[in-house]
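Please find one structure pasted underneath; my questions will follow.
Think of it as A, B and C in the order they're written, each chain with its own count starting at 1.
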Amino acid sequence: MRHKAVMLTGNAAAAWGARLARAEYIPAYPITPQTEIIETLTKWIQEGEMDAKLVQLESEHSMLTAAGTASLTGVRVFTATSSQGLLYGFEMLYNIAGWRAPLVLVNVSRALAAPISLEPDHNDVLAARDSGFIQLHAETCQEVLDFILLAYRVAEDRRVMLPAIVNMDGFYLSFTREPVKIREQDLVDEFLPHYSAVNPFRASRHVAKGSAVVGGHIYSYFKYHMHEALRRAHDVFIEAARSFSRKFGELYHPVSGYMLDDAEYVLVMSNSFATLGKHVVKLMRQRGVPAGLLKISMIRPFPAEEIANSLKGRKAVAVFDQNISLGLGGIIYNEVLGALYGCPKRPEIVLSVIGGVGGKWLSVEEMEKIFDELKRLERSGITKPRPLFLFRRDELTHIERVLKLAGTIEVSHHE
Amino acid sequence: MIEISGHNIIIALTIHYVDEPMLLKVRFHGRGGHGVKTASRILGEAAFNEGLYAQDSPIYGAERRGAPVAAFTRISDEEILERGFIFDPDIVVVMDETLLNDWSAKPLDGLKPGGIAFVNTTANSQLYDYGETIRENLVIYDLTGLALKIIGKPIISTPSAAAASKITGIISESSLIDAVTSELSEIGVGDDVIENNIILAREVFRSIPETPPSTKLSDSKRELIPLEVVISYPGYEDIVSVGNSPLRKTGNWRVFKPIVDFSRCTACGVCFVYCPDAAITLRSDGKPEIDYDNCKGCLICYRECPPRAISIEREVRVW
Amino acid sequence: MSETRFKTLRDTPLEDYLTPGSPLCAGCGGQLGLRIFHKVLGRNVVFVNAAGCLTLMFVYPYAPLRSSWMYTAFASAPAGAQGIRDALDILLAKHRIEPDEDLKVVVVTGDGAAYDIGLQATSGAIQRGLDFYYFVYDNEAYGNTGFQWSSATPVGSSTTTTPSSRFSPAGSLAEKKDLFEIWRAHKPPYVATVSVAHAVDMMRKIERSMGMRGPKLFIALAPCPTGWGFDPSEAIRIAKLAVETGVWPLKEAINGETRHTYIPRALRPVEEYLKTQARFAHLFKPKKQQEIINMIQERVNEYWLRVAEAEGITIKLATEVK
């Protein structure tokens, strides 16, 4: 391969993705930890290195509205946000999808207020899971860049015509530098044909878009269509990924395994902590535990069949959720259970693990605990395990300290 | 066919009592501003006053005053285990006969065999045109004419409910009058207007005979289709046939019709400028041409015409 | 002022881009305003709409305009206009579309979007100098949801959320938000109030603005038969009364300089306007609320005294009834 790697943060990789895709229009609004993306793009545009127009709007709601209408008018649109910003613009996510505007939105995951925070979890992006956006979740800075290119290719495919979110974790990717191959522009141009909008606004051919629909059957009709288009995005992604690998080497999959082939204990993960998951799988292997990891890169369309196939025949499975659907538990856990139900040879033990919420640091010990727990469950024959909430003693000690400082618990006499 | 008096005609009257648990489904069709929702509520309240189970609900469309709307009342002697749209009414109350030809309103759609169609119309023999469409028992009455006479406005919630109440054969006049009073008070109608509505209700209730539907529980099945068939058409919600709204034909919203006296018309163009619906165009001589297929009858043209060359008359039958 | 195409009503363009058969109420002032606006702008327009009564002009599959339409969301029609304008500019600059494919971008919303939920987006679009038109049909309440109070609701109006009651006999007592001044403070090249009953004034204003680049903003008083409670045929008369009583001043501001384009020689008493509409009926029945009527009259008088002073003219005020 011709590509040479350079050290890039996830935010820089995202900016490179937009640049290589020749995004022409970038409605923007600052929010930590995303802001560097739009700053980088601004710099390139100002220096004449990138031919695009970046407009700073007055809110994410407006930003997403402008993004959607520009995409319908026939330009390739890139935009980015995080957390509160995604939720502030949330109404427009459903609209953009309903408009069939195939733009790409990078979400830099960050926990949602309250309490207001900066560090990542996936409640923000998973809130958008039912909106009609394709969702690709990146584990590495390289994936951030490559997924943006793949996202445009799939979103703009006439069999799909739906918007896409590429998700990366705040801090763990956004501000983390690691080697990233900046793809060759000429190869990207070959990979990504020109965007052509459906019935764009033109004087010679007027069109009305976004009309009200009255009559549930008409609404249902269009929603069924979107659902089928989003499901088709799965096969279109596989097709695009093959084409991508022919040009650039890497072959991406909706789900991928790590030491998975003969694994009996499998950890299911997505996003950047999957890296730590792999490390622990390796440690377990060194100790003779047949551990493996299944990484889900494509959250929508949900690759249920591949997940079920990958997990069949395993002794025990843990699904790691860096999110919490309050009152239910892990979101991905529940989706994986849905994928497994009724499948022959499905694993009997599926454990829900919740960790990393609000960017809580994860230690190796916590990740090892997951496999210990799987083995314990298998030994004891418990098939309906209680969810495992990861938390450490040193963290609780720290919490006692901050509660004391906040004055909401009594100062202990032992200290 | 039994002729009662003048233009009040009952055609093909059948009275039939059913033994099975009663669930009577009444679907009201009218136009925004007629009081369709209120009609369904008066009927529901009247049935409730009779000690029956009742349920009433409107559906909201996007349209405004004058546009087709529907409302539903279910009456039963036991708990009602249905909700929402009534697909298979025992009684349909068509509050405006022009709706009979409206492809989106489809007021007679799904009417059960043996069901009753009530039509508010000034027509007498003309209504035989609908003989093909209305194969079921038909009851007609000019509610609008009576409403204009008694309350001075074409609001026909009360008489429609009165007609439906009487047709069912299970609602007494006193239950109806109590319902009229309570429902109209609730929406802030003044006492004097309520009094007139009561007169109106009594008049209709006494003029129309009991015509209980002789329907059975519906056994018709609607065909279901798989998703692949559903989505075999385009999936974009775009409208490229812009300017297609004349196909909606809002002309049947009118209660009064503007008529131009061309001998008095000075071709000033005022009616053209102020028509909110662009339903007036100017001919080559500068005089107006009204698109009666779509004129909603706001009558701004009538009111604003400087030489008073536009007069109005009660719209009887648009098409 | 430069020469105008519009001297009398007879100069109203014959071509209509509104087609009959919309589902809006008979006698809708907002739709009439849009129709006249569209006549002057011509066909090559894309309207960007926020939730409101006019949203329901476009109920799939019907399109009662022969131009383009984009429904966005309640709060962000100006941002939707930004996206379309920017995209067209990009395509034009790159010669990917011919110049004759270009469209004028027009935001059309009611007062709920313009005065309340979409004000932030409007402020942003004006401040960025977006080249667009904004047409507000102001019916002084949330008409589409059944006439609830908005910040455009005038003093003394009852709405379903500010009804006249034992506790607040006057209905709404909040001052109507001065959107004209809020917009003017952003220094757009053009901002104007218009009335559907003064079509010539309106057409001239649109014409005047068409040569300007940047935000061109119009607030049209839109008589609403359903919400205001009057017979649809009275729509124009009521709009005229609003102007003749001085309740709705017709004015424009070019680059921030305000000028009144029509000054009634003698203002008629506001009472004449108020008593035409059910939304003000409680001011007259069961007991006349003279102090509220006087208060409304005083506000109008104060306004026009300031105008007389600023523009060096004399105005005959309507006398207060004591």
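Keep in mind that, in the parts below, a residue touches a chain if its C-beta (ideal position, glycine included) is under 8 Å from a C-beta of that chain, and two chains touch if they have at least 3 such contacts.
What you are looking at is a predicted structure, and each value in this text was computed from that prediction instead of being measured.
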Result of counting contacting C-beta pairs for A-B and B-C, higher pair: B-C
Chain with minimal offset from the mean of all protein Cα atoms: C
Centre-to-centre distance between chain C and chain A (centres being mean Cα positions), rounded to whole Å: 44
Separation of chain B from chain C, taking each centre as the mean of its C-alpha atoms, in whole Å: 34
Chain A and chain B: spacing of chain centres that average the CA atoms, whole Å: 53
Residues of chain B engaged with two or more neighbouring chains: 61-62, 237, 239, 242
Of all residues in chain A, the ones touching two or more other chains: 206-214
Residues of chain C whose C-beta touches two or more other chains: 56, 58-61, 63, 65-69
Complex contact set, residues of chain A against chain B: 98, 100, 161, 198-199, 205-214, 221-222, 224-226, 228-229
Residue numbers on chain B that touch chain A, as the complex places them: 61-62, 227, 230-231, 233, 235-240, 242
List of chain A residues in touch with chain C within their complex: 24-25, 27, 53, 55, 57-59, 61-63, 65-75, 77, 91-92, 95, 201-204, 206-214, 218
Parts of chain C lying in touch with chain B, wherever the complex brings them together: 9-10, 12, 14, 16-29, 31-32, 35-36, 53, 56, 58-69, 196-197, 199, 225-226, 231-237
Residue numbers on chain C that touch chain A, as the complex places them: 43-44, 46, 48, 55-56, 58-61, 63, 65-73, 75-84, 86-91, 96-97, 100-103, 120-121, 123-124, 128
